[in-house]
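First chain A sits with chain B, and in the next complex the same chain sits with chain C.
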Partner chain A sequence: MKQIESRHWIFGGLFVIVIITMVLNINLEVRVTPETDRFYACLDSLPAGATVIVSFDHEASSLPEIRPLALAVLRHAFSRDLKLVGTALLAEGTAVGYRLMTQTADEYGKTYGEDYVYLGFKPQYIAAILSMGESIPDTYPEDYLGQPYRDYEMLVDVENYDDIAAVISIADGSLTTHWIEYGASRYNIRIVAAVTAAMMTTYDPYLASGQLYAMFGGLRGATEYEQLIGIGGSGKRGMLAQSAAHVYVMVLIIAGNIIYFRTRRRKGSAS
Partner chain B sequence: MNRRIAQIVCFAFGALLFALYFSQHPAARKLNATVMIDYWQIIFAITLLVGVLGFVRMTWGSIRKGDDRPYRIVSLIGLGSMPVLAIIWGIRGDSPFMWMFEYVLVPMQSTVFALLAFFVASASFRGFRARSAPAAVLLAAAILTLLSRSSLEGIVPQFFTEAADWVRGNPSMAARRAILIGIGLGSLTTSLRVILGIERTWLGGEK
Partner chain C sequence: MDWSVIIAGLLTLAIFSFLYRDNPVYKMAESLLIGVSIGYFLVITWSNTLMDLLFVPLVQDAKWPLVLPLALGLMMFGRFHKRTASLSRIPIAILIGSGAGVAIPAMLEARTLRQITATVGPLLSESGQPDWSVIVVLTGVITTLAYFYFSREHKGVLGGVAKGGTYFLMIFFGTTFGYTVMSRMSTLIGRVEFLLSDFVRLAQ
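Take a look at the complex of A and B:
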């Protein structure tokens, strides 16, 4: 009974801390890390009018982390006048990606079909990545809205990865690995990724080897990116709650260890 | 005899796809595209159908037996209603399908995901103890990582975030590389064993 009570106190404490930090408006500065800077520089260096694939390779569960990342990247891309081609390798990311793209496009006055097109979902991600390397119109004969691929003027010259400047994979799992293994190694397309914090270490070896050109992630990454593009978003707000939760967890770890060592010492002196 | 045919088909397609991956010949690329775009998608659709039928069969069996009946019924209603909504009203814009997706599925999944934070908090208090030297090292690395993924730059000395970056860039990366190389070699070996017929467990066991 005592153990259940302590757990409930811990849950309650976390709940209260997150609520308080979400209500308060504290301005915490974040240092922009070199990896986020590299991602930013990569998009920033692309010429206006270059076609970029944005792949929404995530599920709905990770939206609180993915949405600020995606919005920051899309805002940067639209502000640089890049032509965006949206895809999704997971079914759940399809609707989310479409909403995010149209929402951001509206902010920048971009027109569907001229500045961006959303191709939608294709099952079997490895097959989709490989077949897009051969022919994007054959892989997606129609876009998400059911219009023929060939009807869009911005896609007339886009046949395969040779006509794409980069692929931005917005992922919460290992799908970026497939972009690297099949897109980058087979077709030499430049892959950049915006991923959840938990997945960042997974991609570190690919980033270090250069197979993944640039990567940033997590709410911290989103906050850094928002700082770089000069537009505040939900990343900063979420980061505040996350930082408070991290401090809370650290305090719990330290408290747990103090209790553990005191109990051990007491047991040792008793015997 | 059936096993022999399956092995031959496996060898033929395994070797063909392996060769197609490296070939730049137009015929090979065309064949590759056909296999990737058409046949793989058809196989995927059939596997999806098999999965759905298996789920319905299993859930229906549980409902009849009375195991977790309310939850199973909700599962079946969910499985059945989404395709029906999509077929009748489509999946775009403000369709009922999208309403269900945005206001039922997304909040439910986000809630389950958010619950993890509560369990992590509880587990960190009760289980994350420096019982041994390796456990203490792990604990220190965890605290450094938590610090580095927070916006506490003005409060915490720069040394801690630099130390966290070092941990991520060196010991963590080395371990990750070893695991990835191991997975790669393991996948390669298993694939070759399957293609060459040495590994036959996928055929349903040895007799």
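Take a look at the complex of A and C:
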């Protein structure tokens, strides 16, 4: 049988720490950063009835991180009575996005076709973004359920980006970049993004230059947003586990460095 | 309990089993994930792309200009045989040409001009005080560019400036690494939350 190595202890320790902190279920208050606040203010300032595109630009593998972000944004949007048009530029995000939208809509008693519509997946994301700038009904003649676009009352006046208040890109990769480069640059549409933590530094330059209007991300971002809308979710529940896991990693890094330098000194004195 | 939750819980545990060692249970779960992903992608591509955008409009609505993309698409398969391989160059040329035509103006605007405009700001604020954020950004950009300037040996002033650039790069890599660790932890926390709340119902 294979021997238990140090990495098994490290992974095992992390697993135990996360489980214990999750079972404790202590809510950790976090300070809301200006970036998350700006995203919140952007949605909050839109008038009720304004149409917003929610683009699920992610794959299924990032769902644990994407779900709290998406739920927080969708809850805020539905509570503000915004009209949501869902779309997905990656195939795997299609079903995930539809599920999240319908689940949140049910929470707020929203009706499909009146308060929100899910247009579904469109291949070739650059072409899709550019095509929507010319005509959304030509890009999506039918919605995800196969109903003609023109059948929906809420979409009658929605022809292109001129009729859209903002685009919310919920992404785990570089898709938001394309929204910025082809949507914002060319059609002047306001882009806001909810992204995974790993993608935050990628979008920071766009945020600094103002090409990306607002952005928040990661489990921490979700927790901040949940705090702003006053609804607890998995972001808030996971925050203690996140912090404990980070402390665990830092302790391991420090311990690793101490062991390394002690070993080096011992080898040096031996020779 | 919902069967889908039981299956998802067992598959999550199967994936976690890799932390100890590679094993057949993990391999089965991994293969299932890849198979389902590819299957889903194929179905979506078939229905949303080939059927909706090509075959249905072409056959039902008699949109004959669509024969052109169909022909170009079929030419791609020419690569599978030596004698027809050159045919595939035509659609590839069109694809690259149109792609570059669309991308170059957008990239130039969004990635170059707008980012340069945002980088070069007044060093003094309206009150006459130094604007430190602009100074730091400008210093970072200049020193980092100096680091990536390989036409001259990094000696003397250039060497010193380039060394400054490495510190900015290290800060960037450190931040990115920190965020990536945070992202991976979030994924783990998400799955543990699912196991605890939905699968074993220990935490609600």
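The definition used in the following text is that the second predicted complex is superposed on the first by the 267 of 271 C-alpha atoms of A that agree within 3 Å, B and C clash if a C-alpha of one lies under 4 Å from a C-alpha of the other, contacts with A are read in each partner's own complex, and residues count from 1 in each chain.
Here is the rule we use: a residue touches a chain if its C-beta (ideal position, glycine included) is under 8 Å from a C-beta of that chain, and two chains touch if they have at least 3 such contacts.
This one's a predicted model, so the numbers in the text were calculated from it and none came from an experiment.
In the superposition on chain A, A:163 makes contact with neither chain B nor chain C. In the superposition on chain A, A:197 contacts both chain B and chain C. Applying the stated contact rule after C-alpha superposition, one finds that A:44 touches neither chain B nor chain C. By the touch criterion defined above, A:123 lies against chain B and chain C together after alignment on the C-alpha atoms of chain A. Of the two partner chains placed by the overlay, only chain B lies in contact with A:223; chain C stays clear of it. Once chain A of one complex is fitted onto chain A of the other, the partner contacts of A:151 are absent, as it touches neither chain B nor chain C. By the document's definition of touching, neither partner reaches A:107: not chain B, not chain C.
Look at A:23: by the touch rule set out above, it reaches chain C but stays clear of chain B.
Contacts of A:208 after superposition on the shared chain: both chain B and chain C are touched. Once both structures are placed on chain A, chain A residues 11, 14-15, 60, 62-64, 92, 95, 122-123, 130, 186, 197, 200-201, 205, 208, 218, 220, 242, 245-246, 249 are touched by chain B and, in the other complex, by chain C. Of all residues in chain B, those touching chain A in their complex are 21, 29, 32-33, 36-37, 40-41, 44-45, 48, 91-92, 98, 101-102, 105-106, 109-110, 112-114, 117-118, 120-122, 124-131, 139, 142-143, 146-147, 149-154, 161, 168-169, 172-173, 176-177, 180. Chain A contributes residues 2, 8, 11-12, 14-15, 18-19, 22-23, 25, 60, 62-65, 67-68, 91-92, 94-95, 120-123, 126, 130, 141-142, 180-182, 184-186, 196-201, 205-206, 208-211, 218-220, 234, 237-238, 241-242, 245-246, 249 to its touches with chain C in the complex. If you check the complex, the residues on chain A that touch chain B are 3, 6-7, 10-11, 13-15, 28-31, 59-64, 92, 95-96, 122-124, 127, 130-131, 134-135, 138-139, 144-145, 186, 197, 200-202, 204-205, 208, 218, 220, 223, 239-240, 242-243, 245-250, 252-253, 255-257, 260. By the touch rule above, chain C contacts chain A in their complex via residues 16, 19-21, 37, 40-41, 44-45, 48-49, 52-53, 99, 102-103, 106-107, 109-111, 114-115, 117-119, 137, 172, 175-176, 179-194, 196, 202-203.
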